[in-house]
């Protein structure tokens, strides 16, 4: 059984394997491509793009915590125009599957971004970031408001035929209700999870270690929370899930598939081991071989609760 | 820019809590330039999670060395590395110092551990430019001489060299070099770099500084290491656009 | 300045110092007293007590995660009657300040427990667990429902004159609203946080590693989340906060005080270093000495956001 | 029950991936009994976070030894401990085997690493009771003989001793001991213990078993280590009420 099928389909989106690189942890592909063959990756998700460039937050933007890190980058990005002009050409060359992550401060801005970007053949899907904890406008204000998520999803759905992923915030009581709302308004999948809101203080200066005061917690520390959220969605809503949160190795990725994810995204691990994606794809292949799984999608939601 | 599993050649405590770590890293050694840094995984576990950045201190054939002091858990773990231990190193990262611009006397200015990039810089400048070295430390016990014999020293408490900051020291000597086209190379704690920025601007001396910040990736994908551009139009990324900057380009 | 005042007051409750041992991590004091002098601790909070004994969940109840652990003990406890008969006498001997944590599946049960326990002089305060993620009845059903928290608080308030702490769930979007509700209904303080919902799967058997499927995540991994929740409450509601979540050493405890906590509770660290409480009290004293803080309560909410 | 920072005397790989760790722990040594265990912090960091429980294998004066195999990160870190390293150990924990009840032949039954508590148990029984030893392993390479010369051996693949399980082995020999009042002491993987429970019940032989589970605290405060009571009325805590139980008292 050497022909293991690692491919997965999400809406119209065909992925050669279920290992994606998460938004905000690969930039626009350029720098990380020195360490990893992006053409072999399921897909890469761009850093959140907004209509206009954003400078992002002043330093300090990151701080390490126990098995995790806090970040408050503030959606620093080059803006739509520069993205199209300067970043897309490189991404086209790479022959990688490209998912564009969009962050906006109004529904109109989401729609406008999607309209413009939809014209670009190379962009195969959109991931709508309604859940960034680190900006005042947009971000969590949307992410924690189910009506906002509904409205954004339905408007954005009208603006594109491409595959649509809604990236959910874990900072809510019932994430499945948001997944359900996304599904009902026409999303093809949900990405779960974005970072958890966290903080750290310097006991000498009494200042927050992160200039933005709070930041988003990512990394292995949040893996159990992310798994529970994926599982919660899978049990309650019939929509494909892209699992994210603390995935660092093959075992972690498999855990997410078992818990209900159709694919996974790697975030923080890219900073530490930028080739992790390839290693995990290899690892998944081996796991399937050893466990007689001929099609990786059979792992999705394969938990045994007996 | 590669990832290399590097064997420890030696890890010597050359002053109190200050270590000189030498590893065998042929690829990093063959590409590394003065002012660049490496991002080092100090453990194989999630603790600490992130790599730790350290300037390349020196390169000898296929050996690379780093100078560091113990400030937290990561550097503590690193200080425990022994001969033949293997360390996972990502590098070389960032842009080194610019050496081919118009100057004939390189002025090294370092505070404390800021001395780290200068052994390699000195090597690269050898036979090309003249060099004067100004090093400061809090006290004699914290002075790291490395292989810099002929240098100017300052200590805050006057226990070695001139009493005062390295900037005071520099200022007291600068008039001896009026015949040269100077370029200052600065590295050290942020307050010292700020003073140096101001000083070089006032004296209209060309100046490059090596800037630090917390980092996650070290190669431009996390955007965690901003430093404000001089025109306030946005931020450079220290790891990718630096760590060496033209002193007048950034707001510290 | 050798006379540093470590004492804090919360409602009528006077604590000799702000270091408490958290519910479910000290049993009823007996076993841990072999490692730590409980008479020196600010207070100990009992394992959640319910009216009737609870067997708790079948194994496996715990699993380690990166810098954390999941537990689903299921509120195993001896029940009110046995607690009073067999556990209280020992606690009386210890001369420790005792806070009774109550878990119940109905408002009536809460009230009944409190009525009975209020008669015991040695019990100085009640902590109401409205936030256990690991039981079907009660627990999170209450903890995520602001009306339930209001109702429980007001009923329980009527039943006792003793100091009343409401222990909040972090598994909500706006914890401060729950703190506000608790305050408005007469609670003296809130305890934040209980564990985060998490999961882990065995990739060989595909079973959840915890029999209960999900468990509560505790330990250093959750510290940044807990700090953000404490800070959120402190910014929005004028009520004393007892900070809980991943505190392992003096620095952690100080971070919570700075972020807005009046006192802290140690949980998971007790399993690893059962004498941590005493070490942290010593550490706080030293920090105050070094920083010229003559009264520890001055640290509460002393963050500098400039 | 104390916490002792214990210096490593030796840590020897006595079989593939199986280590015998000996530490100097005067207080634990003076109180420890066969069947008790210690909860060991294998690192100074949050990784791994929790202590790891290991049976006391042997005690010699102020030295305590543990027998363990590498199964995950914690035991891997422990296997790297070297002479003079210091390990933080909490113990002795739990209840040991009961030795003063009515029997005259102790029958040791162990599978794999389950042999761990028997060196000390043998010492404690010396000159008091007779002993017969039945040890099983998957294959000859995994057999740990320790200081048990005269023992009965079984391997799953027959590469040493009798082919089959240790229970098969026991059953094939049990009729040689009909003149004795027997008591079985069992330790090993749960499937083996289950078989032993059944066997001892059928044969009406007194039997104590040492039970394992994941543990956080190891001394009764977390309630993380339940094993169901035989009457299904609730759970014992393995760390506090065990780890040694009368075989008929628990449902595995």
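Here the chain labels run A, B, C and D in written order, and each chain numbers its own residues starting at 1.
By our rule, contacts are C-beta pairs under 8 Å (C-beta built on N, C-alpha and C of every residue); 3 or more make two chains touch, one makes a residue touch a chain.
Values in this document were obtained by computation on a predicted structure and should not be read as measured data.
Asker: Work out which chains are contact partners of both subunit A and subunit D.
Answerer: B, C
Asker: Starting from the mean Cα coordinates of subunit A and subunit C, work out the distance between those two points in Å.
Answerer: Each chain's C-alpha centroid was found; their separation is 34 Å.
Asker: Using CA atom averages as chain centres, what separation in Å is found between subunit B and subunit D?
Answerer: Spacing between the chain centres: roughly 54 Å.
Asker: Centroid from C-alpha atoms only, then distance subunit B to subunit C, rounded to Å. What do you get?
Answerer: The separation of the two C-alpha centroids amounts to 47 Å.
Asker: Report, in whole Å, the distance between the mean C-alpha point of subunit A and the mean C-alpha point of subunit B.
Answerer: Centre-to-centre distance between subunit A and subunit B: 36 Å.
Asker: At least two partner chains per residue is the criterion; list those residues in subunit A.
Answerer: Only 66-68, 219-220 qualify.
Asker: Tell me, which residues of subunit D touch at least two other chains?
Answerer: In subunit D, residues 46-47 touch at least two other chains, as defined above.
Asker: Work through the pairs of chains, note which ones touch, and then classify the graph as line, ring, star, complete or other.
Answerer: It is complete, because no pair of chains fails to touch.
Asker: Show which residues of subunit B lie in contact with subunit C when the two form their complex.
Answerer: By the definition above, subunit B touches subunit C via 46-47.
Asker: Report the residues of subunit B in contact with subunit A in the complex, numbered from low to high.
Answerer: Answer in residue numbers: 1-3, 41, 46-51, 90, 213-228, 233-235, 240.
Asker: Name, in rising order, each residue of subunit C that touches subunit D in their complex.
Answerer: Per the touch definition, subunit C meets subunit D at residues 24-27, 30-32, 34-35, 47, 53, 55-64, 66-69, 71, 73, 76, 219-220, 248, 268, 270-275.
Asker: Report the residues of subunit C in contact with subunit B in the complex, numbered from low to high.
Answerer: Answer in residue numbers: 66-67.
Asker: Under the definition above, what is the set of subunit A residues touching subunit C in their complex?
Answerer: It comes out as residues 65-68, 70, 144, 171-174, 196-201, 203, 205-208, 213-215, 217, 219-225, 227-228, 231, 246, 251, 254-255, 258-259, 287, 302-306.
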